[in-house]
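Please go over the structures that come below.
What follows is a pair of complexes built around chain A, which joins chain B in one and chain C in the other.
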Partner chain A sequence: MVEICDVSKSFGDFRAVDDASLALPKGEFLTILGPSGCGKTTLLRMIAGFSKPDAGKILINGGEVENVPPHKRSIGMVFQRLALFPHMTAAQNVAYPLKMRGFDTKTIPDRVSEYLKLVRLQGYEERRPHQLSGGQQQRVAIARALSFSPDLLLLDEPLSALDKKLREEMQLEFRRIQQELGVTTINVTHDQREALVMSDKIIVMNAGRIQQSDSPEAVYRAPSNRFVANFVGLTALFGGAIERVDDEGVVVRVGELALRARAGEALTPGASVDCAIRAEQIRILADDEENDTGRFDNTVTGKVDQRIFEGDRMVYQVTVPKLADATLFVFDHDPTHHAERGQSGALKLAWNARDMLTFPTNP
Partner chain B sequence: MNGPRSKAIALWGLVAFSLILLSFPTVIIIGASFTAGEIIQFPPEGFSLRWYEKLWQLDSFQDALLRTFYVSFICTLISLPVGTLAALATVRYRIRFRRTLQVYLLLPFTIPLVVSGLGMLIVFGEVRILGQLWPVGLALCIINLPFMIWAVSASVNGLDSELENAAANCGAAPVQIFFTVTLPAVMPGVITGALLMFILAFNEFLVSLFLVDSRIVTLPVQIYNSIRSVITPDLAAVSVVYILIAVIAVWVLDRLVGLEIFLRSK
Partner chain C sequence: MTLAILQRTDRFVSVVWPSGLHGMNGYLFLLPAVALVFILVIALGYMLEFSLHELDLSTYRLKEAYSLTNYQTILDRPVYLRVLWRSLLAALIVTVITVFLAFPYAYLMVRTSSAATRKFLLVALFLPFFIGQVVRAYGWLIILGKQGLLNSILTGLGLPALDLIYNYPAVILGLVQYMLPFAVLLLTPAVAAISEDVELASESLGANWLQTFRHVVIPMATPGLVGSSVVVFTLTLTDFAMPEILGGGTSDFIANAIYDSYFQISNIGLGAALAILLTLIGSALVALMFMIAGTGTLAVTEAEE
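And now, the complex of A and B:
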């Protein structure tokens, strides 16, 4: 459906998109995830036709679109600032693409009400954008992008301006509509939760380059490099060196300790690596609890530097002197311990080898 | 003086004084125009509409008024496309010599009107269009165009640049985008500018003085000619006609643009 081959785009000396390639089958929901300035919006705007790649090809439905102007592409787009036409009512906004694309005028009113129904906005036809709430404006923008049954739907961070509750509601709404219509969709966001919740497939971008292209679960559970591990989830990262590799995995030397980690890419003893461990994989052991049964592969003792209260949980930021002062993050979901832990300062932590990842350090 | 109360009284007093001072000439002229006497005076001597009647019966006044309407209409008509497109081009697009062009378009405003008038007189004389009425409209458009450009630029600045992309994405070709999205979005500025151009042309005197002769005299010049002979209360009546037209313009502006801005506000 959509194919991007070795596309690059520079603005002056800044390489916004660097040799990006992807392929998206019909009907799938793809999210391009990355920090601001990573090139994800630039890539999206090239697909929409608002700018042209310096190098590489973009194919939609098997045809190259280099010389197809935006208004001749069958693409619906929901813009970051929505860009609803302020002088038109909700119904007129939704009817606009139908008129411009030469739909039979007799069928337009039916189509408009069909799509306003799809986004659950019946009864708001005659309102102008400023008379609608943020969520309702969002729905008009979705209806406008979809009313002419485009081959492809593009979402340019349309949810970033909404408050958390509404944003989460709209994430599910987008997913429902996308599955109902089966329209191929490319979404762009910096919100990892949004990417995980909505997508069939996630592409993680950084500094113009595609870092990983995988299912949401694979991106979360098996990040392909240090950047992805750090960007998705709350992850502690610290440097170490491979001590040995055996049948059960690898042993990494960090500071004074040797830790067991998941077997990763071909690693040779002595190679320096970045270790990554997610906050939710670390268990807190009671002070008198010994790891004598060998339930955990690694145990360390650290000092609580900071306690961050997040309502349903407490996040501790723990410094471990024996790990060359590495900083770990730990979740504490048990409110009965919140008061005492962190006051005492010391915390005993444990985790398993399969939850600790190693990536070769970038030269 | 004590407390916020006396401060409020002082402030309100100042506001009232300013308002009275500003409206003083207008009030006096309006009052004087209704006089029943033979000379302009305030307070008026009795009340009558005789000077309005006289004004209306005066052919020279009626003709001058019609000519002024015509000139203002021509001026507004030319300024609409020229000013709107100039404002869009200089604010919106990264064209070459943008700054220079902006300054150049505002130049007529900085030149003394006497100089402009003389210049137009020479140029219009060279191309043999002196003695006609429409060149006066053209001249007034040229000297007042900065106001049109300012008014439209303000609207263009407030325009979300993404709207045009959104229209393209909806399948609109560039010309369709201009008429269905860009133009409606900057309409408040266009209306404001057009009314401003009309009123300015309606009132303009100095440049008109250079370009009209006795056969095509416009109202401001006609008034000037009258005060050089005898000052009679019909002049006050003419002034009131002017005030009335200005009030109508402000009302129209409020109805059209006030409403439009209200609709656009988010």
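And now, the complex of A and C:
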């Protein structure tokens, strides 16, 4: 459906997109995830036709689109600031692409009400954008981008300006609408939760390069490098050196301790690595609880630097002196019950080898 | 000593402007502007009064008795109706041409990605403001005059010289050139208020640039278009220098007729009547423009949010 082959784009000396390739089958929901300035919006704008790649090819439905202007491409786009037409009503906004694309005028009113119904905005036909709430404006923007049945839907961070609750509601709405219509969709965001919730597939980008292209589960559970591990989820990262590699995995020397980690890429003893462990995979042991049963592969004791109360959980930021003062993050999901923990300033932490990843340190 | 003065000043201020009035401090700053406008209204009142008295040709004073003779004269003498019609037509033509030319200028100035281009356009826009209207009119004389630049080129090429000045088109040309910066200045914020995303959205929805322009850019720029049209229209309608210098008596506007009434034939009453008529027609037309374009256009700038 959409194929991007070795596309690059520079602005002056700045390489915004560096040799990016991807392929998206019909009907799938792809999210390009990355921090601001990673090139994801530049890539999206090239797909939309607002700018041309310096090198590489973009194919939509098997055809190269380099010389196809935006208005001749069959692409619906929802913009970051929505870009609704303020002088038109909701219905007129939705009817606009139909008129511009020469739909039979007799069918337009039916189509408009069909799509306003799809986004659950019946009764708001005559309102102008400024008479609608943020969420309702989103719905008009989606209806407008879809009413002409485009081959492809592009979302340029349209949810980033909404408050958390509305954003989460709209994430599910976008997903519902996308699945109902089966429209191929590319979404761009810096919000990892949005990417995980909405997508069939996630591409993580950084500094113009694609870092990983995988299912949401794979991106979360098996990040392909240090950047992805750090960007998705709350992850502690610290340096170490491979001590030995055996059948069960690897042993990493960090400060005074030897930790067991999941076997990663082929690593040789002595190689320096970055270790990554996610906050939710670390258990807090009671002060008198010993790891004598061997339930956990690694146990350390650290000092609580910070306690961040997040309502449903407490986040502890813990420094471990024996791990060369590495900082770990850990969740306590029952803060009321465990309130006494951490008060003493010391916390006993444990985790398993399969949850700890190692990546070769970048030279 | 100083303290005593300060204390006395304080006491004086508290009497003139008691603290209870401090909530209205902001209005205090409005006073000079309000006073200026008010003085103008007083002058207009006097003008209205003058216009209602006929000139006594034996004394060259205005008669005591009230009459509509001056207005009757204006309506009876074809020359005044011609002047009126000429001014209105010029205002219309100049407005249309100026706004038509100013819009692309403002658009390019807002949208260009090159800082150098924007700077050049800005400087070119403000430069004419340093040169007064009269100087610019004389500039046109140098270029278009009988022995002007253009004609010497023509005769140099063996072509006959043309009469390029002292006619209506020359006045229109001079006025368009004079009004252009005003129009651009008033259109620029209106264009800047249209986010580029809206145009891109229109394109991705299937509109070519012409359709985008017609259905999105123009409607969204309406407040600026109305504003600049009103300004250009009224400035042209009331203009004096261009018809005086470039028209050379062939293309007098109302302002020239008023001037002649006051200073050539010394008929204050008639001049006042013409001035009142000009004010009424101008105000009525501006009101009409706002009504047609919708007074709401001034509120369209309401955020999209």
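The working rule: the second predicted complex is superposed on the first by the 359 of 363 C-alpha atoms of A that agree within 3 Å, B and C clash if a C-alpha of one lies under 4 Å from a C-alpha of the other, contacts with A are read in each partner's own complex, and residues count from 1 in each chain.
Following the convention adopted for this analysis, a contact is a pair of C-beta atoms (placed from the backbone, for glycine too) under 8 Å apart; a residue touches a chain by one contact, two chains touch by 3 or more.
Small disclaimer: the values here were computed from a predicted structure and weren't measured.
Partners chain B and chain C clash in the overlay (superposition on chain A).
Legend: residue contacts after superposition of the two complexes on their common chain; A:R262 is shown touching neither chain B nor chain C. In the superposed pair of complexes, A:R144 makes contact with chain B and with chain C alike. Applying the stated contact rule after C-alpha superposition, one finds that A:R15 touches neither chain B nor chain C. Of the two partner chains, neither chain B nor chain C is touched by A:R313. When the two structures are aligned on the shared chain, A:P86 is found in touch with chain B and with chain C. In the superposed three-chain arrangement, chain B is struck by just one stretch of chain C from 5-13, 113-121 or 149-157, namely 113-121.
In the superposition on chain A, the residues of chain A contacting both chain B and chain C are 48-50, 69-71, 75-77, 79-81, 83-87, 96-97, 100-101, 129-130, 144-145, 148. Taken together, the chain A residues at the contact with chain B in this complex read 48-50, 69-72, 75-77, 79-81, 83-87, 96-97, 100-101, 128-130, 144-145, 148. Considering their complex, residues 195, 197-198, 200-208, 211, 215-216, 219-220, 222, 300, 302-305 of chain C touch chain A. Across the interface of their complex, chain C is touched by residues 48-50, 69-71, 73, 75-77, 79-87, 96-97, 100-101, 129-130, 134, 144-145, 148 of chain A. Within the complex formed with chain A, the chain B residues making contact are 160, 162-163, 165-173, 176, 180-181, 184-185, 187, 263-266.
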